[in-house]
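Per-chain numbering from 1; labels A, B, C and D assigned in written order.
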Amino acid sequence: MKGALKPHEAAALIAPGASLMIGGFMGVGTPERMIDALVTRGVGDLTVIANDTAMPGRGIGKLVSAGLVRHLIVSHIGLNPETQARVIAGDITCELVPQGTLVERIRAGGMGLGGVLTPTGLGTEVQDGKQVVTVEGRPFLVETPLKADFALIAAWQADYVGNLNYLLTAHNFNPIMALAGARVIAEPDAIVPVGMIPPDAVKTPGVLVDHLLTGAFA
Amino acid sequence: MKGALKPHEAAALIAPGASLMIGGFMGVGTPERMIDALVTRGVGDLTVIANDTAMPGRGIGKLVSAGLVRHLIVSHIGLNPETQARVIAGDITCELVPQGTLVERIRAGGMGLGGVLTPTGLGTEVQDGKQVVTVEGRPFLVETPLKADFALIAAWQADYVGNLNYLLTAHNFNPIMALAGARVIAEPDAIVPVGMIPPDAVKTPGVLVDHLLTGAFA
Amino acid sequence: MSDAKDLIAARVAQEIKHGMLVNLGIGLPSLVAGFVPESLGVFFQAENGVIGLGARPPEGMQDRHLTDAGGGFVTAVPGAASIDSAMSFGLIRGGHLDMTVLGGLQVDALGRLANWKVPGKMVPGMGGAMDLVTGAARVIVAMQHAAKGQSKIVMACTLPLTSTRRVDLIVTDLAVIEPSDAGLTLRERAPGISVAEILAATEAPLILPEDIPEMRL
Amino acid sequence: MSDAKDLIAARVAQEIKHGMLVNLGIGLPSLVAGFVPESLGVFFQAENGVIGLGARPPEGMQDRHLTDAGGGFVTAVPGAASIDSAMSFGLIRGGHLDMTVLGGLQVDALGRLANWKVPGKMVPGMGGAMDLVTGAARVIVAMQHAAKGQSKIVMACTLPLTSTRRVDLIVTDLAVIEPSDAGLTLRERAPGISVAEILAATEAPLILPEDIPEMRL
């Protein structure tokens, strides 16, 4: 853990063209202050790995609307018509990945595994161009691991050493992405002293977190 | 969830020859009352999948001492000389698996993945007879998924719908094995009413648990 | 039944048994929950991360950290558990999910579903659908029998498949149809609908058992 | 230094930098913690499931739910986190562990470690060692230079390898040795030990730089 940054300081760490994993599911559990800072700074040409692009005006939707996204690796863009339009127009390239495969590819990247052996997508378009491996007589797709230059994580509480926890459906991709970013920036609702998050309540150990954004009310 | 059983009732569900995943690390986080009931009933010819066999008189060590184990899939038997002696004598067959591979094989079995692609063991004895797959130019061992007839889990609290949580280093293999047993029997220290374990503190959702042992003081 | 969607939802609800873990898709499938008695002790999973999805919250009590897979505010029932996406799809892919109910664009004569893409027109993405259809113990498709006068139960899907796995049951506003090795069997008729009307509205061939009762709703 | 083991542990401790996540093996490596100043803000991981391993607990205050990888009672420092075995080895295999310190039976001229099996004699199992050596960002072997008069730094391991990955540093009671593409380089001598004594006690060839200082302890 290397200290708490203001959103604009964190955004300055990210160069145009970077690959970003961004937590959240339809904007729930997405680091909104971090995204606002990226939009303000105009950091473009981004590759974004996320479950979805939320909707215009919310979460990753703001990056899309601002024209900052070049490539998407996501499971769903159906609820953001602006993303759909930009993908169809060819302004954004988009790899669609089954949601359960996407989260395992991120986990594999973060946990040093060579990929994912999944039955999901076998015999569908998702199989195109991919290796199939037979294990104990059953075929599985080999899905490659995913990593990113940065993982941008939304959390509920962080403590001073970077331990994180999450609330309800705001967990989603955040604890997994925290494993797979070369640098991990977490945006908590609040930063609490060490000891306020008991060891059994920690969902992301602080050793994974490089920077915290200052608390929402700091 | 199908209700709370006395240990002897739970042991009666398990037939000789069954495969058992048993949580714990050197006996910490191992369902001791469940094991005692298996020893009392003399359920033999067991395949045990676990991190280790603890030591004589403790945890899985009791099953070994009672001669109830036929086959082991474990990462370490070094601290139980009785297990070592029985393996060397050929009374127990033993597959040694790197610890990180073992837990991922169990997770793969429980989560419907076709196996594990890991660099661990490449170029060592562990590779013998195994498939190697190249992903993005790097070789990985294909390690097969593991499942079992029963997963025997130790937990701290369970609630009436079977939600479980764990304490400190007594997590270890328990939350992962809870995914991979065809039937899951959990032995909590205490059973608490629904609502006492908040959603964010649940480590194993009750939908995975088939039976609870009555609480330690019931 | 007030309308076709409620009819479908009510009939699907009859498939849900005591203590099941069930995932309901966005839209029509989400209506099923309203027809499942609380006494059944069913847990609904939302793949975005909760087991024990509850009803909509009272006005003013919405929590931005508790939504369903469509992003709408929900509540959670006593005994609910929060899970991350890896656990959520581990439960789905690992067969721990007893049933999923999804909408469909097409189902073919082999019982295979297409519901995630209309090439050149609509690319919403598969979201969790491919994992749900591949992994759930039981897959039920809940959809209108036809769209714009075209049967959605077709000889061969012209749209990209969601999975090669055969779904277990198709419930429409006209019929209950069960895919098997033998083909698609017509099991039940909607109230007031004749077998002839169903056959006329269905592109794929249907196997007709001797008794094809009306749905009991 | 009171004895050879303390000397090795103290020298290994110098490799640990501010804020690192470090895993110490059972036995000799576990002594390293005692030589790391608290001010470094280092977190020790025990692979059985805790980040932030602390000292032994006071008598009477042991908690049966908090042990190290050898099964001994420990404490946890403020800011500690409990993790399950999947997360524990995910951190290890994924390169999040900055350093592991392990004991060794043999290290060969290519810097490869054998430490988990003596065929026909001792089959303890590899436990976490294969994942640790494969995955940790930096691997340090802490061991006696020789056992029963035999060098443990050998031309080629006669015992089964733990990993084909080259370890980063070997610290013994006689020397600090650094494996690289070029071979094994002698970097430091233990206090009062000559280069000639080290060469005589080492089966594998050693590269000798011009300056081979004594360890500074």
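Couple of notes before you dig in:
The working rule: a residue touches a chain if its C-beta (ideal position, glycine included) is under 8 Å from a C-beta of that chain, and two chains touch if they have at least 3 such contacts.
All values reported here derive from a predicted model rather than from experimental measurement.
Steps from chain A to chain B, minimised over paths through touching chains, total 1. Set against one another, B-C and B-D show the most C-beta pairs in contact at B-D.
Our note on geometry: chain B versus chain C, Cα centroid distance of 35 Å, whole angstroms. Here the CA centre of chain A is 29 Å from the CA centre of chain C. The geometric centre of chain C is 55 Å away from that of chain D, both derived from CA atoms. Among all residues of chain C, those that touch two or more other chains are 50, 76, 82-83, 89-90, 92-93, 134-135.
For chain B, the set of residues touching two or more other chains reads 104, 107, 112-113, 118-119, 166-168, 199-200. All chain pairs in contact, by the document's touch criterion: A-B, A-C, A-D, B-C, B-D.
The residues of chain D lying in touch with chain A in their complex are 19, 21, 43, 50-52, 76, 78-83, 87, 89-96, 134-135. The touching residues of chain B, counted against chain D in their complex, run 25-29, 51-52, 54-55, 74-79, 84, 87-88, 94, 96, 98-101, 103-104, 107, 118-126, 156, 166-176, 203.
Chain D contributes residues 46-50, 63-67, 69-71, 76, 82-86, 88-90, 92-93, 117, 122-131, 134-135, 160-164 to its touches with chain B in the complex.
Every residue of chain B that touches chain A in the complex is listed here, in rising order: 104, 108, 112-119, 131, 133, 135-136, 138, 140, 142, 144-145, 165-168, 199-201.
For chain B in complex with chain C, the touching residues are 1, 107, 110-113, 159-161, 163, 179, 194-195, 199-200, 202, 205-208.
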